[in-house]
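Take a look at the structures below.
Both complexes shown next keep chain A, but they swap its partner, so chain B is in the first and chain C is in the second.
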Partner chain A sequence: MSTEEPRVIKVFEDLLETPQNRLVEQASQDGRIPIGYSCSFVPEALLMADRLFPVRLHAPGVAGTELADNYLSSLVCSYTRSILEFAMDDRYDLIRGWVTVPSCAHMQRFIDNLEYLKRPDFIHVIDAPRKVNESTLKWHEEELHMLADKLSSHFSVDMGKASLMKAIDEWNRFCVIMNRIGDLRKTPNPPITGSEFHRVVMASLASPKDLILPHIEAFYREIENRESTRKYRARLMVVGGHLHDPEFIRIIESQGGLVVADRFCTGSIPGLIPVHVNGDPIRALAEHTFEKTLCPRMMEDFDRRLNNILDTVKEYRVDGVVIEIIKFCDLWGVDSMPLVSALRKVGIPVLKLEREYRTTGEGQLRTRVQAFIESMGR
Partner chain B sequence: MILGDIAHRARSFFNKIPYAAGYALRSTREIVHDMTSLSNKDFLVYAKYWLLIWACIAKLVVKRGPGFVRELARYPWMLHLLRVTRLMRRLCRGRKGLYLESICMTIYTVSTTLAENLEDLFYHQDRLIISEEMVPPDIARAMGLKVWILESMALLLPFLSGESDLKYIDEAENAGVNPDSCSLPKATMGMVLKGHMPKGLAMLSSNMPCDAGMASYSLMEKVYGIPVYRIDAPYNFYNERAEKLIAEDLLDMIAFLEKHTPGRMDWKRLKDICEGRNRMLELELELWDMIRIRPAPLAAEAVFLSHMWHVNLFPGHPTSIKLFERLVEMARRNQEAGVPATENERFRAVLWNPPFPHFIDIFNYTERTYGVTVINDSMTFHRHEPVDTSSPDTIVHGLGRTIMQGPMVRHTRGPAENYLDDIFRTVKQFDLDMVWVANHVGCKSAEALNGMLREMCRERKIPVLILDYDLLDPRIVSSDNMINQVEFFMENVMRAGRLNQQDRPA
Partner chain C sequence: MFVAGCDVGSLSAKAVIMKDENIIASHVIFARPEPAESARTVMEGALNKACLTMEDISYCVGTGYGRNSISFAQAAESEIACHGKGAQWLKPQVRMVIDIGGQDAKAIRIDETGRVLRYAYNDRCASGTGRFLEVMAGSMGIELNDMGEVSSQAKNPVSLSNQCVVFAETEIISLINAGRDLSDIVGGLHKALSHRVASLARSIELESEITMTGGVAKNQGMFKSLQEALGVKLVCMDTDPQIIGAVGAALMARQAAAENG
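Then we have the complex of A and B:
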């Protein structure tokens, strides 16, 4: 495979080196308010109103979680342990508010321990339902109203309709450009690799959108008309939970796979879709939350999750699916079992990988991916 | 080839004979020892319940006739149920008087209600629905449906035979379920995958109590291919808004059942069931009022097994009410006579998180060895209000509240205070000396609170034992290891000498 790489990608790489990158620092110095959030059920656009901006909680380069293990235990998923470790180590010192969703037991207990250990001035838990119907949508809408009111009174920010519409516009602009880049991956010879695309996505999730948008646009201009000369053996789709480190995808691609579709918590499918407002922006954000997430926490969505994978496989001409699960994740651990069976039943090769939050066991990962690609006859 | 196979089987059969003989000999010796250590009166009480339980089993088998063999082939785990009197004997070790009788009676009522539930499987498949453990069966029963709680056997069997769930756990893991998830959904999924569970007309599930349990119903749905209704209990539930949401959910569930089953809501019947539930609650609170005083007149299985089985699976059932009436009566008689349940009640403990189904003997072992009495536990302790039965609306609201504030559900939802404050509340309410945390390795929600709990207990000077184990899988932490943990805690933290040397339960 050729090592050609777009020039602008270096910018995104740099932005992923620390949990609070230079754009976060710049915005904070300008008097803006960074809100740390996790996970995908938090509506980013709501946190983009007025002086607020969302920063996805990630722990780049985490080396160990000794402090967090004392509280969360070593049997909890390493993502929550890593971000608690960083919080205990004051690596999120610029973050002025925390907004989370008890999307799973691990996330829920992360919030509890964070509150107990750090006693943040502003912390809010969105009680997101686990199934979607008129009653639960209404419930979620009320939850978002409560969050907006609390943000408004605590930070003295404007959470009115006009301010929210402006934030939603900015979010939509971001989604449109990201989707244009994503669409390039449908071509037979995509101009970017999966790991490059993921760098852009992750850097964007961890930066103020207005400050990173020019870089994304420059990136798009650089690659839009480019034809790749890279050789690959199989087009792959990665499915699963939190995946922050692009290195994981790079290792997969080093074995001849090309990751063309990313259907995981921090991926673009269906995470980066524009918000359609038809009346109340908060209602639109409530509906959008459930459209852009495909997490096994949603009890009635198994078929939607499966069909989304099947549609993506067709659309992106995927040869095989890699399911990545962070060790101890009960939601993905249990849900993946019928998922794997259903995919294999329709003839889609599947590789299920258990992993840690930080990328480890590179040799083992290479071997398994290599064997998987070979098993596909590629 | 065939001859070789026959020879191999014959050889392995004969090889097993000495082991089987050894086992029979040991068991006989154990039975003789257990029985001779009972007083004459206790022996008569024990013998009475022994006979009643076997009569109940015989009735079930005789009534089904030759068809019972077919049922046994379909539900092979029923063989483990024959060990019920052995469980009773194990639990009666070292116990006497009314305490012993309360345990015998609890096991007997578990047997009779289970036999009734098995008859639902044998005779009423046309009205059978399957339900997840956290969905109270009251509503479906009021609709004239028969309810089979899918998790009930995975939880009950290890009480009878410690290793009975292993093949089901392995089945689920081999099919691809993550080995680190809770063994209860794993064993239940294994039973479903092996085809050892009934297939009902419809299925009720929920987002409770944990992620693995909730996610397992995607698999059940695929295997059974029957309609499913899932209740969604909110995260923050101590408010009217949540009560309204869950009440709407329950009404939708009733509509779902009316659509997919022959069941029709009978509000009068639901009112009767809820009134029975309320009566049980009243009796249970009366029992707790008595056991909070030192020394407790009843304890351990009489308190938690009765709640676990009867309140969760048979609320409002006449047998359940009768049991609670008898427990209260026995506790009162003991209290009036100044007779403690445990002869040497030196330490009073609360057990937090599920008990140890595959090693339930640990409680009477520690009673006899260190005088530790388990007074209450997290699966039992609650602060429910009774269900207001004045109208269908109030009943649904009351049941919704009962679901959300029930044991396990309230501890796995909402902020950590829901879990931690309850521990300190029980310590105060029941005048306890220590907290035992049943640290089930598959329960991440509780694992992740141990750090906070340890620090809070230290601040309050409450000794805490975090006892590692796996809910249903003794391969993860053996019974010997569990006893070692208790002994280490009692001798090094509590500085408590042994009352007398006891043989470790096998």
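Then we have the complex of A and C:
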């Protein structure tokens, strides 16, 4: 029984301090090829083939976006602004290729400016469909084939079936261990906090999976038999788009909430699910992409997004849902309105928070969360 | 048994001391740069008025933005919960509280026990806050406390097109230069602020019994203007509306002291 932070957590903290951590540096020095990506519609497993490895673009510690502000309108979200700032400031200098999805107009502006300002040797935009059906699945499969071919010819990497199957197998091993850790959060006294879990997820998304896996396994061994005596007033689920900074969750938890489930772009639900291959691996990756993304950019898919939250609330015994939206995010801004109503209609308390990409306004955030937990009668 | 509530806000700090069912002392000061210092000073003021020392206080609850810096408080609660609790205790029929503080405005719906049901909060923009009035008073060269009286003379309140504090200040200077009457300008300011706060309150559905708390509630011009914007007669507090949060904190302290024996 312990309320102490797991010892291994420090490793993940360190890996989150820079946009290109020491594992990325190590892999690059070994001749491997880091590919930057910014959206869950990019199939990470595809970017794990042969010498490639994916690095989720994040901007830890971003203090200002003076460079990016010259090129982006004031209504573009602070996430887009922050990663363009880091790109312009050569903070992603190890990244050798960029794979993006114009999931929203803001991200399209990032891609346009990146191409115009940095002229990268390799940049690929996946034209991901906005509906899920058999035709769009075929479309997405073709898109992934195009990407695989382009990667293969540009970087001289093996994107053949055996190579992809090996990459998928590694992705699946990563997902299995992450899901085991995630399952521990369903218990009445989870051995880890939401902030600790998020540090592991974010560090993993920004690192070569094979190099970070031993740390994740060590982390799991350390916590699997722990039972926390930490007191909490309410079990919370966080829902929304990009959330990179674990500090945001730490502040929520400082007010007596325990974040047990994370349904956001950089969370584990449903982002970290294994790929099921039954034939062509590219086809499997196309299916997997649709399965693991519950993004408001997708049309006629609201019920699936809502039901995923409702199922998670039951499975993780969630008392209340916190919806976090980066200011000016059109997709989440619109989707959150019916989402709030639908959740309240079935009696789930909801707190909607508008925020900036980096965590700011700690005092206001604390007050809102504390009042939310109080309003739940806890 | 004596209990206390200490509310350290951005512009002012408030302390209330209660014995049983009665408020026996309260004190309000302008906030100091350090929240801890504000808390100490305001509590000393309240203790002096009650002829008590801190050792006499069985339990103290802190609230407000500085609530985590109050060393002598045994617990910290959000100002949203405290305003709800305090307002309902003083006026049991109240089901909605509109608190306009120095750096934020809140609309809080409560149940018959004072528990918060829903709330809306504006803390990202100064235009719906007491700070808005303070800046405007400064630009017009009048005292903040005189704004209510000045606005009572308004015959034709101006219509302000800017909600942003910075641009509204520029607009007011233009209106002064254009020779508009100060009372009409102040009346227009109250109207603009009221409509913004009323819209915040409507976002969580209005109740019929609404009161206004916080320092701005002392401004009769603002009180009247908010009534008009909401289309509801507000419940008037008999107690200083600025100390309602501290009263709520003291009530929570009383409850905690009773539970802890």
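In this text, the second predicted complex is superposed on the first by the 375 of 378 C-alpha atoms of A that agree within 3 Å, B and C clash if a C-alpha of one lies under 4 Å from a C-alpha of the other, contacts with A are read in each partner's own complex, and residues count from 1 in each chain.
The criterion applied here is as follows: a contact is a pair of C-beta atoms (placed from the backbone, for glycine too) under 8 Å apart; a residue touches a chain by one contact, two chains touch by 3 or more.
The structure presented is a predicted model; accordingly, all values stated were derived computationally and were not measured.
J.: Putting chain B and chain C on the same copy of chain A, do they fit or clash?
T.: In the arrangement built by aligning on chain A, the partners chain C and chain B fit side by side.
J.: Who does A:Met146 touch here: chain B (first), chain C (second), both, or neither?
T.: The answer is neither, since A:Met146 touches no partner chain.
J.: Scan A:Arg109 for contacts with chain B and chain C and give back first, second, both or neither.
T.: A:Arg109: touches chain B, not chain C.
J.: Taking the superposition on A as described, I'd like to know which of chain B and chain C A:Ile325 touches: first, second, both or neither.
T.: In the superposed model, A:Ile325 contacts chain B only, not chain C.
J.: Touching A:Arg130 in the superposition: chain B (first), chain C (second), both, neither?
T.: It touches chain B, and chain C stays clear.
J.: With both structures superposed, pick whichever of chain B and chain C touches the larger number of chain A residues.
T.: B
J.: Output check: A:Gln370 vs chain B and chain C. Expected answer is one of first, second, both, neither. What do you get?
T.: The answer is second: A:Gln370 touches chain C but not chain B.
J.: Using centres of C-alpha atoms, tell me the angle at chain A that chain B and chain C span after the overlay, to the nearest 10°.
T.: Once the two structures are overlaid, it is 70 degrees.
J.: After superposition on the shared chain, which partner residues are touched by A:Val76: those of chain B (first), chain C (second), both, or neither?
T.: In the superposition, A:Val76 contacts chain B only.
J.: Scan A:Gly361 for contacts with chain B and chain C and give back first, second, both or neither.
T.: A:Gly361 contacts chain C only, not chain B.
J.: Quick one: minimum Cα-Cα distance, chain B versus chain C, in the superposed arrangement, integer Å.
T.: 5
J.: Need the overlap of the two footprints on chain A, from chain B and from chain C, as residue ranges.
T.: 354
J.: List the residues on chain A that touch chain C in their complex, please.
T.: Against chain C, the touching part of chain A is residues 354, 361, 363-364, 366-368, 370-371, 374-375, 377.
J.: Okay, in this complex, where on chain C does chain A touch?
T.: Residue positions touching the partner: 65, 68, 77-81, 104, 115-119, 121, 123-124.
J.: Going by the contact rule at the top, pick out the chain B residues touching chain A in the complex.
T.: 175-178, 180-182, 185, 189, 205, 207, 210-212, 214-219, 221-222, 230, 232, 234-236, 241, 245, 248-249, 252, 412-413, 415-416, 441, 444-445, 447-452
J.: Inside the complex, what are the residues of chain A that reach chain B?
T.: 70-73, 75-77, 102, 104-106, 108-113, 115-116, 125, 127, 129-131, 133, 135-136, 139, 142, 296-297, 299-300, 302, 325, 327-331, 333-338, 340-342, 352, 354
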